[in-house]
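Shared between the two complexes below is chain A, which pairs with chain B and chain C, respectively.
Here is the complex of A and B:
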């Protein structure tokens, strides 16, 4: 007998998924604190910290061990989420995504361990930072999929614009993820700031473009417009914070490190980057849920009709 | 006690084969393997192969004897279950008194062997395991569903026997192995009990799936124990008994067990329970193999 989910369960599962996403955001910030405080090697062993579950939380150990504790908590939350989905979720692909998220958080833990045991190899540190964001994106997706809006009947809309909103939303998502990788590469001294600045320009352009496209093509669809507005606002704020963080890094270069202004601004910049990614995920998923693809020949037909009407 | 005989039409089998069947070779083999793991992980310095052979032989005798005595005690209910109706006593291949004598001799010789060659502690644990299995678990099976819980205590003892034989004392590492095997038994035994619940019901054995027809409580326990195994499985690494290979591989094995437990809990079918049962066997073998591999690397 296969289980069916009642409304109470559905709501509780959704809230749990949101809680996991929020905890993951805290975990990302905790990880950023480790890098900003240069505490990556404050604890030389893994998975224990100085051979103990609870080492003295002094200096950099506070950040590194704190990061591990939050990671353990998120790991447990993700196990719970995967199991809950397996027990109650009727959609097989959502159940699979739950297990994939669990796999990602385990792989993330391993990467974290390798980072410590091999003395912060930049490639592994960047992979660790990138997988963290991808894991966050998967948990945000699960929050969307388990939500009432996603599971309610939605009127399907035809998108006649080109490029399609679906393509655009995926482009924005890819650009933000690439930008996060470039940011990680800059933070771990593999690349200079130029790539990250160019990435910022691309993300801003794409965010403005998609927000305008949504406003012009679907002005009446609140779910899309609201998500696009949030995305645009976050991108704007992120640009300001990025500038602030860069200023703090260069402005405090000759001061004893780490300076609090630099730490707070870089951590906030990273956390806001994750939120921007989450907003892009929501836009992409909402577009996928609402818009049905229009075949190329149909598009050509619409274009011919519009040209005829104009004449 | 009169035992129903189903056997008039069955061909006779060699008596030696029947005696071998009394020892439940598959279960005894698993007991010996977990004892081997306990001994190996508990050993300090160079492995004493002679000591190990004594420990395995003594444990094998006790396990085989306990199995034979279990056959003797459960011959009536065995005859009522399809799964066990072909055992030597229900089919009349051996007389009950022969099984009783065989089991007593093996158990006593095994416990004495362990005490003589591996120390009083390992011999004592083996004797206590045999006594509690037969004196508590076996009679409780027809009375309460808590029998599984009671049976899990002697069921997890083999690594303790091995550890005690190697080290002469039980420390945290031994108890970590014990705790893991203790929890592991619930998904394993309840998956079997779920598959054979009709059989158990016929024999009047009150396994949880017999009473819990919906399977909710059964699979709650299955899943709960699988989840508890995730942090518990990390204990050997935290105690320094194993390293990162075990930590990572063990975590993967424990999460895989959670997956199979959740998949079985979702559908509650016999097929899923069977898959879970197979998964538990692979899981425990992987855990022990990884721990031993890690120690080998050290």
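Here is the complex of A and C:
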């Protein structure tokens, strides 16, 4: 039996965390617009833009400076979230996650500056894209942890399957994160498309597998089934969007400028990738909250027996 | 066996996710530093024997010729300048991309013709003339230029809007500078031979230019008549290369005697 912790669901804090997550999704899309419009170096200086906080917002400057403005807003939101958690959140590990998220967004800002000042070195651009997604995953997690569902009493369920759903959910999460990195590597001309296509196949297979496992093992657990359905739907949509984005890239490669179809499809593909990561985070966290693998139970039982025998 | 559970305890709450996040953030930051550093100007050139020969004008010859396009030129694509009203205002009618500029007789413009090999051992003084690249009507003019290593390049902005000049070389030093409307000229040069360096404006993504950097003075960018002339070449066996930004390259061997004039033609095929 796990000891009860006396915390009260704080609706305002939870809503603020959700707002931060939504703003982060907008920021990811803003960043994607920069890359798709080849505007990463439209503003050669950093942290100011043309020596100002408000340069003329024309052409590529609109995307690059716009991205910086949204990033600043998300940074402020994250500071607020970390401070609010520090003041009002009784769980120390949640408070620490809040500060970690703040550290990540500060690191993101620095990485962004490095990309500008050093003319977009591919490794830094990929790191910037990857950390963005990981930061998003952390604020999504905070939204879950501050939510009513997580803080309510939940029935613990034994997972008799192998591999356990806990393991599967973490595999899905890792696969999606790896897929995001491969996508960033393709976008920044470090790798070809093949790795990203293989990664897509792995993600689809894992998403189908985990959805089926949840349906078979816990057909009555709505929280798990809903999360798995959302994940599966997003993965399916992402495959379609990915195909569309790739078609648009190749169809317009000889165009004199980034064409609207290519821009919109690649940005949508990236944003939906972030949402897919968020869905995988939710599945993993819910599995963590609800399930206890039987092997762990059995080991705990053996330990208790041996302790009793020793007395 | 089912159990009632409430919140995680302090210990259980040290979720693996938090530890994993710490580790991954550190990993990403460490990984990113491996990519830092401005793009350096490539590997140092292999040791070359000292260039001591100079061209004797008494025996120098000429290679002249033309570059033509055969086939159907690609359909011009319209450029949208809506992203900057100042650019859109500069054009009364539609503007089209000019990657493949073919005159009615098939003459191909914007081809860099230069001596690719055959001049080993010769030294050439750095030219004193400057080569000018202008930004006019939110387009680079000329689209393709060529200059010698170390020769001065001047970049002008004749428009009423800010431009951002960003050459993307492979082996030369990369730079990225903004230029205010009708602002002060930018003066630069390139140290290494590179045919050719793409130049872009990250504010106006349709703006493209190419700079061919050659280590000797025997180069020419064809105009609308598609012709070129390389004067003052010493006798020798040469490989001539014709470079086009989208049509690729074509090479020819030429043997030039003393005071000889040879004619060479290049043909690029279309679709």
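In the analysis below, the second predicted complex is superposed on the first by the 286 of 311 C-alpha atoms of A that agree within 3 Å, B and C clash if a C-alpha of one lies under 4 Å from a C-alpha of the other, contacts with A are read in each partner's own complex, and residues count from 1 in each chain.
FYI, contacts are C-beta pairs under 8 Å (C-beta built on N, C-alpha and C of every residue); 3 or more make two chains touch, one makes a residue touch a chain.
All figures in this text were calculated on a predicted structure; none of them were measured in a lab.
Clash-free side-by-side placement of chain B and chain C is the outcome of superposition onto chain A. In the superposition on chain A, contact is made by A:113 with chain B only, not with chain C. Chain centres taken from Cα atoms put the angle at chain A, between chain B and chain C, at 90 degrees to the nearest 10. In the superposition on chain A, A:62 contacts chain C only, with no contact to chain B.
By the touch criterion stated above, A:241 is placed in contact with neither chain B nor chain C. By the document's definition of touching, of the two partners only chain C reaches A:40; chain B does not. For chain A, the partner that touches more of its residues is C, with chain B and chain C as the two candidates.
No C-alpha atom of chain B lies closer than 15 Å to any C-alpha atom of chain C in the overlay. Touched by chain B in one complex and by chain C in the other are residues 1-3 of chain A. On chain C, the positions that touch chain A within their shared complex are 1-10, 12-15, 17-18, 21-22, 24-25, 28-29, 31-32, 34-39, 74, 77, 79-80, 83-86, 97, 99, 161-162, 164, 166, 174, 176-178, 200-206, 208, 246. Chain B makes touch with chain A in their complex at residues 223, 227, 230, 234, 237-238, 240, 244, 247-248, 251-252, 255, 258-259, 262-263, 265-268. Contact residues on chain A toward chain B in their complex (touch as defined above): 1-3, 46-48, 51, 53, 79, 82-83, 86-87, 99, 102, 106, 110, 113, 117. Per the touch definition, chain A reaches chain C in the complex via residues 1-5, 7, 37-44, 50, 56, 58-62, 64, 91-94, 96-97, 100, 103-104, 107, 111, 114, 118-119, 121-128, 130-131, 134, 137-138, 141, 151, 153-158, 254-258, 284-285, 288, 292, 297.
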